[in-house]
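You will see chain A twice below: alongside chain B first, and alongside chain C after that.
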Partner chain A sequence: MASLGVLDSANLNGGQKLAVKYFTVAIALFGAQVLFGLLAGLQYLYPDFLYGVLDFSVNRMLHINALVVWLLFGFIGAVYWLLEDESGVPVVGLALGNLVFWVLTLAVVVVVGIYLLVQVGPGEMKSIWLINEGREYIEAPRWADIGIVVCMLAFFYNVAATFMKGRFTGIGGVLVLDLVALAGLYTAGMWYTPNISMDQHWWWWVIHLWVEATWEVLVGCLLAYGLIKTMGVRRKIVETWLYIEVALLFGSGILGLGHHYFWIGTPEYWLAIGGFFSALEPIPLVAMVVHAVFDAGHHKLKSTNNPALAWMIAQAFGNFFGAGVWGFMHTLPQINLYTHGTQWTASHGHLAFFGAYATIVIAFVYLAVQKWRGNVWMSGELVGAWRWKWAIFLLHVGMIGMTMALLIAGYEQSQIERAIEGSGWMGYFAAQAHPWFQQGMTWRMISGWVFAAGFLLLAWDLLTIGSRESRPARRLEPQEAMAVS
Partner chain B sequence: MAEMTTNYWWASESFWKKMAIWITAASAVVLIFLTFDTVAKITAGGKRVPAYSVINHRIDYVFDEKRNHQVPVIGPEEPLFGRSLSESEAAELVNKGKLTVQAKNCMNCHTLLGNGAYFAPDLTKSWLDPAWGSKEVREQSMIEFLMDPSDKLHNALGRRMPKLGITEEEARATVAFLKWMSAIDTNGFPANFKPIDQADTPAEAGAQATPAAAESSPVQ
Partner chain C sequence: MLQPVELANFFTVFFSAALVILCGALYALLFAWSRVSRRPWLMPWAYAAYAGLAASVIVLGRAANLFDGGLWTIVIALMLVGYLLAPHGVWHLCVGTHAQGDGKDPLSQPR
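== the complex of A and B ==
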C-alpha cells in the first residue's frame, strides 16, 4: 500500500480500477457539456455568434449528448465501483470490461468529431446510419447505437455474472433487473419511421422510462450503497427502503409515461392516465428524501466522506425539487397544454437532470478519489475543504439561478406565445422579444457562468482533495462497520 | 427504526419486496396492453394520424364544439404543388421529408408536436402559419425559405435560421412532411392557433369561421 494521500491504483480493487477510468471520462464530458451549454446560451443573446459555424442545433446536440453520455459513464463507473464490494468476488470479465471501456470512449470521440465537423447530412438513410439521427438526446448515428448495445450487453454480462458467482444482495438483485430494463429500453429508440407520432411515441419510451423509472431505481441502488458506505446505515433498513422506492417509482413512473402522450397524436385516454399517474411520481421522491435525511440525522451527519455525503443529500433534495416539484407543476394536461415545449420544460429538465443524476455521480467520484488516495481522511476539518464546499455551493447557485430564470421565461412564453398568440411564428417571436423573456436569458447566462466557475472548482478539487492529508479515513463505529461487511 | 422494520408487516423487507415485484409487473402489463391499442391508433391511415395522401387535400384547424378545442379538418382536394399523388407516392415524399428533418437536425432548434428545442417556432402547424403570406404563395415561400433562410429574417431579434444545404427536392419533401404533420389530431395543441386564410371565395371565408362548417368533416 502506498502512502496516504497519494493517488495509487494499488489502493483499488479490479472493478474500481476500471471505475475510475469511467469517472475520468465522465468528468471530462461534464466539462464539454458545460462548454457547449454556454455557447448555446450565448446564441440566445447574440444570434450571430458562431452562426453558420457552430449553429445552435450543433451546440445543443453536443450539450445534451455529452450530458447523457457522462451520466451513463458515471453510472457504469459507479456500478463497477461497488460490484466487488457487494458481490464479494472479483469482477468476472475484467479484461472484457476494459476493452469495452476503450471501445465506448473511442466511439464517443468519433461521434463528437462527426457532430462538430460533418454536422448534417442529406435527407437519406445513410445520414441516419453514419452522421446523426436528429432525435433529441439519442442523436447518435445508428452504427454507434449498435455499438452501444453490444457494449451494454458486455457490461451487463459482467455485472450479472459477478453477482451470480459471488452473492446476490438486495441491492445487487434490484440492480441487475434494472439494468436489463435500462438496456432493453434503449433499443426502443433505434428505429426509423416517417410517422412522427409513432417516432415520438417510442422515443419517449427511452427518454421517460429511463429518467423517470430505470435511472431512478439505479440511483436508488447507488444511494443505498453510498449510505451504507459513508455512514454505516444498516443494510436491512437501506434495502427495505430500496424495495419501497422500487414499488413507488415503477408504480407511478411506468404509466406516468402518459404525460408525454397528451399532444403527439396518441389517443385521448392518455390525458387521464398520464395526468393521474405522473401526478403520483413525486411520492417516491419524498420517500427518498425522508430516507436520506433520516439516516443522515440518525448518524448525526458523522460520515467517512463528507463531500460524498453532502452530494448524496443534495441528490435527495435535487431529485425532489427538480423532478418532483418542477415535474409536478407542469404535468397535468390542463397546464401542460400551455407550458408544453417552452422554457418551462427546459427549467425542469435542467434542475431534474442536475439534481437527480449529476449529484449522485459526483458523490461516487468523491468516494473514488478517497480510496484512490489510500482511503484518506475526508471528514471534518479536511485540509482544503473550502474547495469542495465552494464547488457545491457555486454549482447549486448557478443551477438554481438558471432554473429560476428559465422558469420566468417559461411563464411568459406560456402566457404570450401559447395562450394569447396561439403559438404561430409571429406569436413565438412576440414572446421571445418580450423584456421578461430577454431578462430571463440574461440571467440564465449569468447563472451559467457561476455554474461554470463551480465546475472548474469541482474539477480542481477532485484532482487534489486529500492530497495534503496524512490521516486515514474516519472509521465507522463498530456497530456501523458491521453493516458494511 | 431497527425494531420497526422487524415488527410490523408494513415495514418489513419481504412485504415491500413482494409489493415491488407485483406493482412493477402490473404496471408493465397495463402499459403493454395500452401500447398495442395506441400503436394501432397512431399508425398512419387512421383517424388520428391520417394517411400520407392527405397532402392531396386542404387541411385546416378549426374549433370543434363537442371536443372543445381545435381539430384538423380535411377539406376539398387541394394537391400539394398542384399534383395529386397516389398513396405510395405521397408516402415516399413524406418519408423523404422526415429523413431531411432528421438528417438536418431540425429538432435541436425547433419543436415538432411540441417536442424538441425552444430556439425557434413550433412546426406542428407551420403549414398553416399566416406568416407565409397567402395560400397562393405559401408553397413557393416555404421552399425558398428552407433552401436559404439566411437572408430571410422574420423577427426583430436577428435570430436567423441557418442555411442547412437543403436541396430543392428535399425542400419539397419537407413541405410535404409539414403539411402531413399539420393534419395529425393533437388533442388541441397548439391551442388558440390562428391558421392562414385558405378560403377560395369571401363567402366561403365567412362560412369557414363558424363552427357549423367545422363539424361537417372533422378528422376523428
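== the complex of A and C ==
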C-alpha cells in the first residue's frame, strides 16, 4: 500500500483499475453534458446563437446523449468497482474488459465527431447506419448500436463469469439478471418499422424500461453495496431490502410503461394500465422513506466516507422528488394530455435523472477516490471539506432552479399551447412568446450557470480530495465491520 | 372512458397530485420516526398527514374527473388503501429483516 493521500493504482484491484478509467470518462462526459446544456439554454434566449454552426437540435441531442452515456459509463465503472469485492475473485476476462473500455470510448468520440460534422443530410438507410438513427435519445447510428450491444454482452460476460467463478452474493445475483435485461432491452430500439405507433411502442421499451426498471435495479444494487461500505449496514439486511425493492420496482415500473403509450396510437386500454400502475410507482419510494428512517435510527449515520454518504442521501431525496412528486403531478392521462412533451416533462426529466442516477455515480466516484488514495480519511473534519460541500450545494441549487424554471414554462405551455390553442402550430409559437415561458428560460439559464459552477467545483474536488490527508479511513465499529467482511 | 381536466382545474390537479406524494412521504416518515424513536405522540401527526393525503386524493379525483368512471374510482381507492397500508407493511419488513440480523436489537421488537 502506497502512502496515504497519494493517487496510486497499486491501491486498487484489477476491476477497480478498470473502474477508475470508466469514472474518468464519465466525469468528462458529465462536463460535456453541462457544456451542451448551457449552449442549448443560450439558444432558447438567443435563437441565432450558433445557428448553422451548432444547431439547437444537435446541441440538445448531444446534451441528452452525453447524459445517457456518462451515466452508462458510471454504472459500468461502479459494477467493476464492486465486482472483485463482491465475488471474492479477480475479474474474469479483465483484458477483454479493458479492450471493451477503449472500444466504447473510441466509439463515443467517433459518434460525437460525426454528430458535430454531419448535422444535416438525407433520411435514408445509409444515414441510419452511419450517421444518425433519428430516434430521440438513442440517436447513435446503427453500427454504434450494434457495438453498444456487443460491448454490453462482453461486460455481462465479465460480470457473470466472475460471480460464477467466485461467490454469488445477493447483490451479485440481482446484478447479473439485471445486466441480461440491460443488454437485451437495448435491442428493442434497433428494429425499424414504417408504422410510427409500432416504432414508438418498441422505442419506449428502451427509454422507459431501461430507466424505470433496469437502471433503478442497478442503482438498488449499487446503493446496497455503498451502504455496506460506508455505514457498515449488515449484508443480510440490505440484500433482503434489495429483493423487496426490486419486486416493488418491477411490480409497478414495468406496466408503468403505459404512461408513455397514452398518445402514440396504441389501444385505449393503455390509458387504464398506464394510469393504474403509474399511481403505484411512488409506493417503492414511500417504502424507502420508512426504511431510511429505520436505518438512520439504527446506525446513527456514522460513515467511512462522508461525501459518498451525502450523495447517497441526495439520491434518496432526488429520486423521491424527481421521480415521485414531479412524475405523479402529471402522470394521469387526464392531465398528461396537456403536459406530455412540454417543458413540464423536461422539468421532471432534469430532477429525476440527476436525483436518481447522477447522484449515485458521483457517490461511487468518491468511494473510488478514497481507495485510490490509499483508503484515506474521508469522514468528519476532512481537510478541504468545503469543496465537496459547496459542490453538492451548488449542483443542487442549480438543479432545483432549473427544475422550477422549466416547471413554470411547462405550466404555461400546457395551458396556452395545449389547452387554449389546441396543440396547433400557432399555439406553439404563442406559448414560446409568452413572458412566463421566456422568463422561465432566463431563470433556467441562470440556474444552469450555477450548476456549471458546481460541476467545476466537483471536478476540482474529485481531483484533490484526500490529497492533504494523512489519516487512514475511519474504522467501522466491530459489530458494523462484521457486515463488510 | 377519459375526460380531460378542465383548464380551470390545472393547478388544482398539479398541486393535489404533488400533495398526495408529499403527504404520503410525511405519513411514512412520521409513522416510522414515531416507532423507531419510541415517540407515540408523533403517531397522531402521522395519521393527520394521512388525512391530508386522503383529502388530496379526493381533490385530485374531483379535479381530474376520476369519479366519473368505474376504473378511475378504483385508482382512487387503490391510492387510499395502498398509501395507508404501505408504511405498516414496510415497517414489519424492516423489523423482520433486522431481527434476522440481530436478535438483541431493541428496535427489532414488534410493537
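Heads up, the rule we're going with is that the second predicted complex is superposed on the first by the 478 of 485 C-alpha atoms of A that agree within 3 Å, B and C clash if a C-alpha of one lies under 4 Å from a C-alpha of the other, contacts with A are read in each partner's own complex, and residues count from 1 in each chain.
Everything that follows uses one rule, which is that a residue touches a chain if its C-beta (ideal position, glycine included) is under 8 Å from a C-beta of that chain, and two chains touch if they have at least 3 such contacts.
These numbers were taken from a predicted model, which means no experiment stands behind them.
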Touching partner for A:N195 - first (chain B), second (chain C), both, neither: first
Partner chain(s) touched by A:G170 [first = chain B, second = chain C, both, neither]: first
First, second, both or neither for A:M329, with chain B first and chain C second: second
Touched partner set for A:G422, first chain B, second chain C, both or neither: first
First (chain B), second (chain C), both or neither touched by A:Y411: second
Larger contact residue set on chain A - chain B or chain C: B
Chain B versus chain C as contact partner of A:E139, first or second or both or neither: first
Which superposed partner A:L35 touches (first chain B, second chain C, both, neither): neither
Contacts of A:V110 with chain B and chain C, given as first, second, both or neither: neither
First (chain B), second (chain C), both or neither touched by A:P282: second
Residues of chain A at both interfaces, chain B in one complex, chain C in the other: 234, 236-237, 240, 244, 268, 271, 294, 298, 337-338, 419-420
Chain A-facing residues of chain C, complex: 1-5, 7, 10-11, 13-14, 17-18, 20-22, 24-25, 28-29, 31-33, 36-37, 64-66, 71-72, 74-75, 78-79, 82-83, 86-87, 90-91, 93-94, 97-98, 100-102, 105, 107
For the chain B and chain A complex, residues of the former touching the latter: 1-2, 5-6, 11-13, 16-17, 19-20, 23-24, 27-28, 30-31, 34, 37-39, 41-44, 48-49, 52, 91, 94-109, 111-122, 124-126, 129-131, 150, 154-160, 162-167, 170, 173-174, 177, 181, 184-194
Touching residues (chain side chain A, partner chain B) in the complex: 40, 43-44, 47-48, 51-52, 55-58, 60-61, 119-125, 127-128, 131-136, 139, 170, 174, 192-201, 203, 234, 236-237, 239-240, 243-244, 246-247, 250-251, 254-255, 257, 260-271, 273, 294, 298, 337-338, 340-343, 345-346, 418-426, 428-429, 432-433
Chain C-touching residues of chain A, taken from the complex the two chains share: 234, 236-237, 240-241, 244, 268, 271-272, 275-276, 279-280, 282-283, 285-287, 289-291, 293-294, 296-298, 320, 324-325, 328-335, 337-338, 411, 414-415, 419-420
